[in-house]
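First chain A sits with chain B, and in the next complex the same chain sits with chain C.
Right after this comes the complex of A and B.
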């Protein structure tokens, strides 16, 4: 929690220092780094202990090693070589190849909000808790903070501990107010973060396949795996935040998100 | 006098603030004699050191288990354990089995229909016929 709050304040500072921020890329990059802090801490501990190539590499093999007086060519820590690729743990953003880094969202135009939305937004922001109808592969998930999600599929390329931000939502709301998109809300209006907590599977399913007039039955087995997640944060941005990020206030029109009060 | 239940104070929600991997220990059992342990022995010498280094939060124990098939056993924070038999498997397959145990939550496997499970109260409350406006059909 400590590192989160520190990084958040850092991100807030960056946001303050960049007033003409159409793209909120810098704070978002900071946020995207969050899940690497645990890795960072462990790797720092590793670097504090002097690295001896003989002792910890293969603790399980009892074969004697050849002692040579040749100096061992140590790789610089930032460049992962091919033989140590398995044992290499990325420490900072610089260690991750460019192709594998999370893509910061880029926006062509500043977010446009209507006057009526701006006037009603404080009511929605002030009334917690919030829910969000986030969409993932066109399926809606109604989420509140602390919820446990088991996706109906195994999400590729995520590890347990990763933090994802759901940026597609059709509605965000509180007890009395709901902000509805048409059909989706702009991702700069809210924040919904989830943490990947692992992978679960189901019990083995056995389906008996039979054909007519045959004694033979075939058993088809399947056991699917699912990604499990935990909702960390559901938050609606305040009007002040939106204005800081360069929101433009426009007149009301048809296809803009609206906040509806409960009747 | 009616019996009163003890009110729960908090519920564990791993991952909301801090995240703790649920697998706390992995036991690797092998046999020095048996042929089904050949892949396991190769895994223990080649792959396991890197696996252990990448997962410093998991305690790893290696112990022989004479004249039995090799297994991997995972111990979880909720007190349960899961074991996978890895007889006659290649080291790469054994690594994938170890990853399954590492990522598992330790819960018993269940069929689930609903994707979202929530401990929170309903945000919008429960509908009541006695409140709110009357609506025409």
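Right after this comes the complex of A and C.
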């Protein structure tokens, strides 16, 4: 096992070094040495590490390559962590920042609420039921409590019985009032809980695929599955709750959500 | 070092061979494709040759392919607050 791996690495080295060598005798000589790879390896080891001539066999696989081969870059798997988030550059399809993954958010700064929102919020809170325009993958869903939803896709990594929080909404409202975000509301202003009730499937569809001038027809079958869920709760937080959670009241500005009454 | 962010807005179908070749040299193959090139006179000249069908921005660094893709990816808009198994364990523990 060990000698085989050494052999393989040495052979790879030879393959790399062979085209670079000008004289044709050199690779042949090296190939002749291939049979005594272990010997060659140990002798090179000794020349490289004179301080440990007695135990040349132990760190063989861990020592750097002795021949003139390209350095093998071994990148560790990229894991976006919080401390290296600034220097982290997504390279492959697998590198998705946590902001774009369905994980619970963590907040650094407290929520900022304008004075006018705080003064109007009790009107909205007092008038139930509420609706929310929740956005899943940038598609809006108008939801109220007790609704059954069939998503147009199979939601990954959820099972029936799981409780989801919808945290991206463009509007929350009641019969007479609507709180609109610009373009989205802060997710700490409302709570929308949804329970996954199961998976539904459509009837099997069979599409006949034909090619020209051929009597053979192919049947393409498809049967998609969809996640179904029920809205447990749509709730707007009261001003007191917001203040308890550490909300900061600021002056009015343009980019903050406002509550509009029905015309 | 600043970069040009070049987007091909209109297709090169029906354009003269010279313009198509310039686009090929810039690495723009289809509409809405985005490439990054360092700011230099030669690149600026290439952009001038096809200025009618591309849009150009000057940016600080070249984004990777995945970063460009992530710009288009929307937020999922949900997260799992509590799994059904965890809730059942809580209820049975009481």
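Assume the second predicted complex is superposed on the first by the 158 of 263 C-alpha atoms of A that agree within 3 Å, B and C clash if a C-alpha of one lies under 4 Å from a C-alpha of the other, contacts with A are read in each partner's own complex, and residues count from 1 in each chain.
The rule we apply is simple: contacts are C-beta pairs under 8 Å (C-beta built on N, C-alpha and C of every residue); 3 or more make two chains touch, one makes a residue touch a chain.
What you see is a predicted model, and the numbers here were worked out from it, not measured in a lab.
Using the contact criterion defined above for the overlaid structures, shared-chain residue A:148 touches chain B, although it does not reach chain C.
Contacts of A:190 after superposition on the shared chain: neither chain B nor chain C is touched.
In the superposition on chain A, A:167 makes contact with chain C only, not with chain B. Judged by the touch definition given at the top, the superposed model places A:130 against chain B, while chain C stays out of reach. Set against each other, chain B and chain C touch different numbers of residues in chain A, with B touching more. Comparing the two complexes, residues 89, 160-161 of chain A contact chain B in one case and chain C in the other. Interface residues of chain A facing chain B in the complex, by the touch rule stated above, are 1, 4, 38, 42, 56-61, 86-87, 89, 129-131, 139, 141-152, 160-161, 173-175, 195, 197-203, 228-232, 262-263. Remark: chain B residues 13-19, 21-22, 44-45, 48-50, 53-54, 56, 62, 100, 102-105, 107, 109-112, 115-120, 123-125, 132-133, 135 touch chain A in the complex. By the touch rule above, chain C contacts chain A in their complex via residues 64-67, 69-70, 73-85, 87-88.
Considering their complex, residues 89-93, 95-97, 99-105, 134-138, 157-168, 193-194, 196 of chain A touch chain C.
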